[in-house]
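Only one structure is covered here, and it is reproduced in the block below.
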Amino acid sequence: MYSVCVRDHMMIAHSFAGEMFGPAQRLHGATYVVDAEFRRRELDAHGIVVDIGLAGTALREVLAAMNYRNLDAEAGFAGRNTTTEFLARHIFDQLAARIRDGRLGASAAAVSSLRVTLHESHVACAAFEGELASG
Amino acid sequence: MYSVCVRDHMMIAHSFAGEMFGPAQRLHGATYVVDAEFRRRELDAHGIVVDIGLAGTALREVLAAMNYRNLDAEAGFAGRNTTTEFLARHIFDQLAARIRDGRLGASAAAVSSLRVTLHESHVACAAFEGELASG
Amino acid sequence: MYSVCVRDHMMIAHSFAGEMFGPAQRLHGATYVVDAEFRRRELDAHGIVVDIGLAGTALREVLAAMNYRNLDAEAGFAGRNTTTEFLARHIFDQLAARIRDGRLGASAAAVSSLRVTLHESHVACAAFEGELASG
Amino acid sequence: MYSVCVRDHMMIAHSFAGEMFGPAQRLHGATYVVDAEFRRRELDAHGIVVDIGLAGTALREVLAAMNYRNLDAEAGFAGRNTTTEFLARHIFDQLAARIRDGRLGASAAAVSSLRVTLHESHVACAAFEGELASG
Amino acid sequence: MYSVCVRDHMMIAHSFAGEMFGPAQRLHGATYVVDAEFRRRELDAHGIVVDIGLAGTALREVLAAMNYRNLDAEAGFAGRNTTTEFLARHIFDQLAARIRDGRLGASAAAVSSLRVTLHESHVACAAFEGELASG
Amino acid sequence: MYSVCVRDHMMIAHSFAGEMFGPAQRLHGATYVVDAEFRRRELDAHGIVVDIGLAGTALREVLAAMNYRNLDAEAGFAGRNTTTEFLARHIFDQLAARIRDGRLGASAAAVSSLRVTLHESHVACAAFEGELASG
């Protein structure tokens, strides 16, 4: 299995509902350094997994919709705890949609799985990975 | 598959038996920066994989039993080479036991697999990963 | 010159006033991974710059006062842009006060300068460094 | 599953054929920081996955054949785009051959899979992983 | 002293003249992860050292002139060894010129010194730092 | 001011005398990832600060004398706490001696200062820096 991974980041505010979150129930924030790993069984004719330029652009666009925002005020996240693992899945879904609709280029059609990892500090991260119907 | 990973470290002394270990047969030591990754298929009702506070506490407790010690003198490791990969398994087993007995909270009961990685320097690491009966 | 550096982090929300900040004028947030470096000319009788345990505790306490908070709502920061460089100075001042009042132990009395660095992402950081009257 | 990972690097020049590569069609270069992860189900009698000294030597030898070279001028890569993912596979194949012919020692015979990751910058990496017949 | 640091990278080919360079006399290449640190004594009225957006843009522009190129073929470097330390100085000079001509904004006029660090691998880096007439 | 920095590591055992060290009074150990930074005002005729190959060799030799050892049993450290900051100075002195006696080559004669940093974990490091008579 081959993979290519690109990195970008976003800086957001949010709060969590639930006593177990302790002080994180208060409005606070995070820098998420985000890794998106694209995987496929064989390379294409150019010797690549995916056009790394388009992959980076797609990741930047997905993060731009959240970057410098208070996620508590975003309609799309109403009633949800935007935990690191939840956001990993959200970004996964957004990237998967872009692969499906062709925005990552023809080579991306053979991407069979995807892993999105969010580093929230030097001591904690979360991820979501899954298969893609497209692969 | 979702995952959450927490990091901590320990500083130990030990030595290895076996000519293949060369100078590492002498008493020496290591800082192990330890990553514990918890995985499950779906998030719980709070949107989490595991209570990250409890996960961090569990990892700290497991490492505290070895931290600032000479592992050669620990009865539990008698006759064993406490290699990085061996210690990864040991920490895995200790965390798995804590998941089973409920010390990582109710949400951890759905954790299906675990990966423990020990970074021993900027150029070497070792890991153990496996399924959990609990998952 | 000797130095010892300890690392911790905090997760905060804030916003900036001023057109030049662009989208960062909106409420957003950041993880700050914070390095505090203590410097002195000679080691003390124990061979140390500062009690690293007390230094770590002091840093954790200073960050705890801001951690998981919206800095826009903190009275102490009213009317100020809590930029990364501003916060580096704020943490410097807090640590310097703890050195002066003895909370970092007797060995810290000889610390002559201090550098506080805040990493806000994998591509940006800011710092403040200065002399201490105590040194 | 146990794993051990060693790291080394190489510095090469190359260029890519294909409009999609944009400016990377020009002769340029890269530092590749390379991680080689060796995996097996059980530890051997010494408590190891593989002799880490031999693993490091093998990786160094494989990289030495490319290090400080213009890959465009290497006969073995004629007509190929030596992308990061292509090179990950090439290094995988070279390490797998060394495991098969015994150069990584007897313990390596039980290595069942291998992952080779090339970090080309602080924001991009690529990898190849696969099963080994030997495992 | 306050500082702000931004990071970017470039990927170049080159070779060195001089027996002491050994295999690096051959055409090879490097990824340089570049940190540019801007320093000044006091923050401006907005609480910043420099407009971090303009600083990042300036660094990107400076690197773009070398990125994806063979430095041996660049007229500006004719007869020079483009070592890591030489390039650190070159980038320093380019950024200093941009500060002088106002491209980093009014706040940059008070920047008194600059440090440019190039990381060429996980085990080596080089830097140039100096005072600015503008500060 | 120009600088070049090389990195290597060592793995040692030791213990500390003094109640303030708490559990670190027990025999334990550490991996020290060591950065040695060489500085000079101007580059030499080849465009370098120091022969990076010789610098790396010198650092490896200095660390080899301690690597895989119990520092408590080394005659040279008798009665001393081999703290991270103490070891930074020790390595500084060893490298400075090698510069003086010519083992780092002719270009090193102009090195005017040196900084040695030891990273003992992902959250702590210590350093010693000073001027060299040779510079």
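The chains carry the letters A, B, C, D, E and F, assigned in the order they are written, with residues numbered from 1 in each.
In this text, contacts are C-beta pairs under 8 Å (C-beta built on N, C-alpha and C of every residue); 3 or more make two chains touch, one makes a residue touch a chain.
Please read all numbers here as calculations on a predicted model, not as lab measurements.
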Worksheet item: In terms of CA centroid distance, which chain is the most far removed from chain C?
Response: D
Discussion item. Report the chain whose CA-based centre is farthest from the CA-based centre of chain B.
Written reply: E
Response to the item:
When each of A-C, C-E or A-B is compared with D-E, the one sharing over half of the residue-numbered contact pairs turns out to be A-C
Discussion item. Just the number, please: Cα centre separation of chain B and chain D in whole Å.
Written reply: 27
Worksheet entry | chain B and chain E, separation of their C-alpha mean positions in angstrom | 41
Worksheet, complete the sentence: Between the Cα centroids of chain B and chain F the separation in whole angstrom comes to 31
Discussion item. Where in chain A do residues touch two or more of the other chains?
Written reply: 7, 122-123
Worksheet, complete the sentence: The answer for chain A against chain B in the complex is residues 16-18, 20-22, 80-86, 88-89, 122-130
Discussion item. Quick check: in the complex, which residue numbers of chain E touch chain C?
Written reply: 1-8, 43, 46-49, 51-53, 56, 105
Worksheet entry | Interfacial residue positions of chain A with respect to chain C in the complex | 7, 9, 11-14, 23-24, 26-33, 67-70, 73, 120-123
